[in-house]
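First the structure, then my questions, so here it is.
Which chain is which? They are A, B, C, D, E and F, in the order written, and residues in each are numbered from 1.
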Amino acid sequence: MGLARFGLEVAYISVIPDNPIGNACIRELKKHNVNTSFIPRKGDRLGIYFLEVGANQRPSKVVYDRSHSAIAETGSGEINWDKIFEGTSWFHISGITPAISLPASKLSLEAVKKAREKGVTISCDLNYRKKLWKYGKSAPEIMGELVKYVDIVIGNEEDCQKSLGIKKDIDVESGKFQTEKYRELTDNVLGLYSNIKKIALTLRESHSADYNGWSAILNNRKEFFVSKKYEIHNIVDRVGAGDTFSAGLIYGLNNLKNDRETLEFAVAASCLMHSISGDLPLISVEEVKSLTEGSGSGRVQR
Amino acid sequence: MGLARFGLEVAYISVIPDNPIGNACIRELKKHNVNTSFIPRKGDRLGIYFLEVGANQRPSKVVYDRSHSAIAETGSGEINWDKIFEGTSWFHISGITPAISLPASKLSLEAVKKAREKGVTISCDLNYRKKLWKYGKSAPEIMGELVKYVDIVIGNEEDCQKSLGIKKDIDVESGKFQTEKYRELTDNVLGLYSNIKKIALTLRESHSADYNGWSAILNNRKEFFVSKKYEIHNIVDRVGAGDTFSAGLIYGLNNLKNDRETLEFAVAASCLMHSISGDLPLISVEEVKSLTEGSGSGRVQR
Amino acid sequence: MGLARFGLEVAYISVIPDNPIGNACIRELKKHNVNTSFIPRKGDRLGIYFLEVGANQRPSKVVYDRSHSAIAETGSGEINWDKIFEGTSWFHISGITPAISLPASKLSLEAVKKAREKGVTISCDLNYRKKLWKYGKSAPEIMGELVKYVDIVIGNEEDCQKSLGIKKDIDVESGKFQTEKYRELTDNVLGLYSNIKKIALTLRESHSADYNGWSAILNNRKEFFVSKKYEIHNIVDRVGAGDTFSAGLIYGLNNLKNDRETLEFAVAASCLMHSISGDLPLISVEEVKSLTEGSGSGRVQR
Amino acid sequence: MGLARFGLEVAYISVIPDNPIGNACIRELKKHNVNTSFIPRKGDRLGIYFLEVGANQRPSKVVYDRSHSAIAETGSGEINWDKIFEGTSWFHISGITPAISLPASKLSLEAVKKAREKGVTISCDLNYRKKLWKYGKSAPEIMGELVKYVDIVIGNEEDCQKSLGIKKDIDVESGKFQTEKYRELTDNVLGLYSNIKKIALTLRESHSADYNGWSAILNNRKEFFVSKKYEIHNIVDRVGAGDTFSAGLIYGLNNLKNDRETLEFAVAASCLMHSISGDLPLISVEEVKSLTEGSGSGRVQR
Amino acid sequence: MGLARFGLEVAYISVIPDNPIGNACIRELKKHNVNTSFIPRKGDRLGIYFLEVGANQRPSKVVYDRSHSAIAETGSGEINWDKIFEGTSWFHISGITPAISLPASKLSLEAVKKAREKGVTISCDLNYRKKLWKYGKSAPEIMGELVKYVDIVIGNEEDCQKSLGIKKDIDVESGKFQTEKYRELTDNVLGLYSNIKKIALTLRESHSADYNGWSAILNNRKEFFVSKKYEIHNIVDRVGAGDTFSAGLIYGLNNLKNDRETLEFAVAASCLMHSISGDLPLISVEEVKSLTEGSGSGRVQR
Amino acid sequence: MGLARFGLEVAYISVIPDNPIGNACIRELKKHNVNTSFIPRKGDRLGIYFLEVGANQRPSKVVYDRSHSAIAETGSGEINWDKIFEGTSWFHISGITPAISLPASKLSLEAVKKAREKGVTISCDLNYRKKLWKYGKSAPEIMGELVKYVDIVIGNEEDCQKSLGIKKDIDVESGKFQTEKYRELTDNVLGLYSNIKKIALTLRESHSADYNGWSAILNNRKEFFVSKKYEIHNIVDRVGAGDTFSAGLIYGLNNLKNDRETLEFAVAASCLMHSISGDLPLISVEEVKSLTEGSGSGRVQR
């Protein structure tokens, strides 16, 4: 949805049950110009989650209710990738899909392999979630294989370590970070996987549930960029910030001059996402640019 | 409404349509002791606006829907100023009225001329709004003339420049300000308009949509006062802060010992307005004084 | 309720009218495992209060509507303390009960005397409320007597002074505090009342209505502990923080290793209470420990 | 408020505490043009009640929390009736005031005596409430005396019997009614009290909590009128219907041609009140007349 | 939107301002599969209206705020009808558009003339609104001309009379109706305009604001059909019922076997619309058929 | 919960996941005095459902999301029935449990067999749900077996037919019913299962989604009772009415004089449940008796 709102032609691929809950989901996607015509309508249920919104020292908590969702019960061979990748130039996949079930992990692998075959550029947001990954495989077992087909890796410092099994003494909890360690961490990933062209990580300094610092780095094998850092003092809702970073990055790689601009666009877009209630990225290119080019002073526009 | 809640006898002059929407508006004014008996009930519609409330780096946005409102379609000769100014000692006008239409700008000029004739003290909040001023006249063309009848000018640094066409290299966006420049700016205005007795400007340091510094200055030709500055970290709703500053200033000029006290009262009142939802100044003199005399520590009163 | 949620066996003693409002109150207590079987169901009304929630420089305000409540009209002799204290090891009383009426103050004194007779440990949160204490007795007259039966005194710097009449030049409003003065203040109290074994005070640095520093001290005659201080920038609702501190302290004195751990547990529990809407302490031991042992960085748990 | 909205000049007499709750009450009255300048601002609390809204076979329930309200603790001699009745032509009193406390019953008697002395017309809505009348006097003891000073008595069949102690075998619960019995009942009242000029009773046929028939009768010693009956199938909120009937009746007696028109106006006004949420009569003369003259077919006006 | 939800390929033609309010409107249309690509984005404002929802004897009231809306200020020559009618088989227009302004009435005439030229079938819902038609032309002047280009006329008994100036003694208010009179009325219209192929009228028996009988008739010059009548006792929101009738009729004329089935489908669809909050027809073909084929008994589907 | 609110000692047996959603469920049960100590806390998820509330001709719709709930994945052998039935006199089971999965159906059979062994009286609400029963067994296969252990069968006319496979030409949709047919239907059931002592069926005449007639019959092999019928014109929420009927019946069989009184109590209790929002039976014995003994006229209690 983020990419569609940025003006790109986008289709969403998932499996959604053929019931009123699924219909509501499809309509919401259409509202924001997402092509839903490739989505099989079948299965028992739509995965949901319950979110307790944190404040100050009290963290947000997620209770997943995703088991046995339609996508979780879909395996390889059930989606017509050939048709989907026809005329498609980019495929983005999240590490959440392979985390929810064994069939879904096989479907995910099938997808990236097919995309690679068709010459489609592949980006992957590692998206490590401890409370998922309960079906008997560890994240590195699956993600380590999947990443071999990926051109652009996206994540945060924890994702890299937990999804790919790369150890680095970065203190996630404290929120403090050191540039040099991030360069090493991303160099490690690029060293292990020669297929990866670029890797971008978001850096969250978590001072409290509603006050975070937010920035990112990008390593394209030649250059290492550190973005501007935004101080977000009154987080409205941080859910969706990572996805918005991915959308910003893909938008930039396809539409902006260079990786530096791309990184700044992605960080600004995902910064704004912290100030929007819900997980839908109701953000335009103009709003992002007004932040990258302006002051973020929040003056009323009237 | 602010003045009425501070205990002054106040009448509100506008044109309000004779329909249920207009009735609701009139009742709300009465609730807070504002005399509504001079308001002609006619016209098609009440102007409205849509407000998207910002947060952090995401600014608030206003979509005006004020065109063809009852007051916008009222011209000179349609309001009985003689009757209104009978027994009146003070007239306050906002720069928003002349901004909405040519007839309203003529009505505004007529009002200040009549008030001047009757010996009524006149205050004017310049209130520059870029998204209004669309009927063919520029703000300085109209406001430059109107201000010639005014005793007390109120505004902010942007208003002075955009409404009166006075250029000064003050960086509004950044939120940083320098006392000396404000002295010069206000001296300029006082130099150009010998009728103006005092000018007061609010100074907003906009760190983000919900964190602003808030203070003000007052230049009475003899003295130049800089108020205390309030740090407002969790703005609830900033709409109405400027109007509350005007109300505080007029209250002070009529009821307090001197200009210094007046300025502090006006700044404290408008500071409190940032912590109130909606644009109605639900504030008492006691609450303002408890802030000017106290610590603003926000301890529960129980 | 706080103690019940921490897993202790707890009964609540009050008087609650036998009407639907009282029933709702009883049910809410049961929901959280509080034994309500000792509560007489009689009287005219349940005391209520109206809360205006503050923000920034605008303080929260409480309008009490507690007069003539069922508990306010209950005097000594009307509650069967013998039965209540059978098999009970701890009795906690708040300074609010003796503040609401003369009969309630006599009932309170009767309660602590009975508890002392039965060898029950007694804790008392002084809880000074200026807007109560209107029935002709001053707080020190009553609380000075009541405290003679108490083992553990809980309060804040203002409570000590206003409830026990001990003068100390601590500036409550400013929010700044000095460790040495607190040691002296608590030494004074312990000096005056040889029955008191320990005294713990919360220290609130009130920067604004929604930004407070929060910590506490404990003096057990041998040691003087100063807790970690929490910065709470976006207070959701501070009502109930003091009661949660008491619950945390009683929990710790009964379940934790030593007074230092107990103090940290109580401060962390009451810190979390600032981030919960309403005055019910919806907090578990695990959540408190995750704060005392962790970083309070508020990262999403998913 | 009903009378004020019908355009009459009205003052409300009660005692309201000088706190924010009282202020809100005063402002709401002003909003609807009620003069509040005679209301003493004192006392502890404003009486409130809790309402459980019924549906179908489940009745609405009221829990009164009116004891010790400001008006309940005000006795004779505390209100300056001389000043109030100066230039006043009509005084309306409800049977709820004498029901809440002994002092209030004395104040009520004092009021009607003073009004009678000054030649003010007096109307009284008997308003029997079983859950009030708890201070040791029965309703007939007090109301029987009070009614001796009244010109216009208003009520329903239950009020007459319970407030004045007149027995009549009218089955209130069943909702069925017989015209002849009402004529007898009102003749009885007029026979007992020669001072009463007219008596009007509302007749509620209660089919369920949300479906009532609604009509009224008026006996002016010469004629006996039975109004049109309205079937109200989807009651929104019936609280305030009786007060609106009183307002309609007083409006009619002062402004309409005759008792028949007056009765129809009062019934129509109170019929509309069943379709308005809350107990404020947000009704205009035009709306009532559009019902008395029209069909009540509820067609959209557009 | 109704037609799009019934599965037809539909484009909506209007003029919508290029601002966030207009964007929200466009997105809502897309959500329900309406093609919005022909809508010019220009003009000052989107027309709005305020709705007071009635109950029982209290009618709903509409306050229009449609003057100077984008579509009201669009005249003939500003919309590219040639492109729009390319490949289009059906054009539906409402009598509200020509009612709002002189330019809009000219635009409307231009539209039907162009459609006729292109061989597009034209349906028109007369939709008479007394509170519109304020620009100097009467409804019959404009609608009488416009109807000359129409194939299918839709309306109610009032529309026919007020829009086309045909007098018939049908008592709209009472809600009673007589079949024979409707046959005559529609015969009259068909007699006057030989171009009209079919005319369908909805018949609303308005017992109260929330209880209506709902049926319809259709006269196709050869046959005269009277539909089943639905009793709707608890109207949720009747706004949009007329538009849904039009959608049902157009759906049926394009997809169902004959005029009888079409009429029943249209009546059932618009009957359901009375039970949906808001004016969006969130209704599927399956739901309508389940009503035309079933009992409307409202049993839970589980 | 219904039984607990009627004052019986009740434990609820299910399987509830050990997460915050499960905790909330447990607390709600405790609030209403239900013993939750036998509930195993395990499994992935709590079954939920989505409810679209109907109105008039638009039916309510349920979307079940119960698959893979904790109880659905619990099979025989996992619950300690011996401990549960110790000291228990009555066991009630709903036909929903065996409908959700094969393991749950085995668990259900195990439960009734164990209860029978222990001499516990068993009641069963057949509760047929078409959208469940998807795991390969038909309702009659399972329920036919289960009912062999049951003393009291509860249901409606559809349940009997669909759950037990007994055909009878009763038109469920139309809402019309004939006493004689119900006598035959229940005689059939009693004839087939000699263990059943009594059978009670609710009779819903579904006029629309919000207007139902509601009554019931009871056949105890000796007598056949037909209850009073309630007309419910403005249904607030009918979910939970069947469960409340069961609760009323069990209450009556244990506490009231005879089957006639029991049936009337159960019908009145479940009638009231139609007027309560949500599916929790917030009803007391007093409220039910006030309906069985009174008029259901819905007069305000004040």
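Keep this in mind: contacts are C-beta pairs under 8 Å (C-beta built on N, C-alpha and C of every residue); 3 or more make two chains touch, one makes a residue touch a chain.
Quick caveat: nothing in here was measured; it's all calculated off a predicted structure.
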Give me the fewest steps it takes to get from chain B to chain F if each step has to go to a chain it touches.
2
List every chain that touches both chain C and chain E.
A, B, D, F
Measuring centre to centre, with centres taken as mean CA positions, what chain is farthest from chain F?
B
Could you classify the chain A-chain F contact as same or different, where same means more than half of all interface residue numbers appear on both copies?
same
Greatest Cα-centre separation from chain A belongs to chain D
Identify which chain pair among E-F, A-F or C-F reproduces the interface of A-B, meaning that over half of its contact pairs, matched by residue number, are the same.
E-F
Centre-of-Cα separation between chain C and chain A, whole angstrom:
46
Hunt down the residues of chain B that sit against at least two other chains at once, touch-wise.
61, 233-234
In graph terms, nodes being chains and edges touches, is this line, ring, star, complete or other?
other
Pairs of chains that touch, anyone?
A-B, A-C, A-E, A-F, B-C, B-D, B-E, C-D, C-F, D-E, D-F, E-F
Going by the contact rule at the top, pick out the chain C residues touching chain A in the complex.
230, 232-236, 268, 271-272, 274-276, 287, 291, 294-302
Could you pull out which chain C residues touch chain F in their complex?
27-28, 30-33
Chain B-facing residues of chain C, complex
54-62, 64, 129-131, 172-175, 206-211, 233-234, 238-239
What residues of chain F sit close enough to touch chain A in their complex?
19-21, 44-45, 50, 52, 61, 63, 65, 67-68
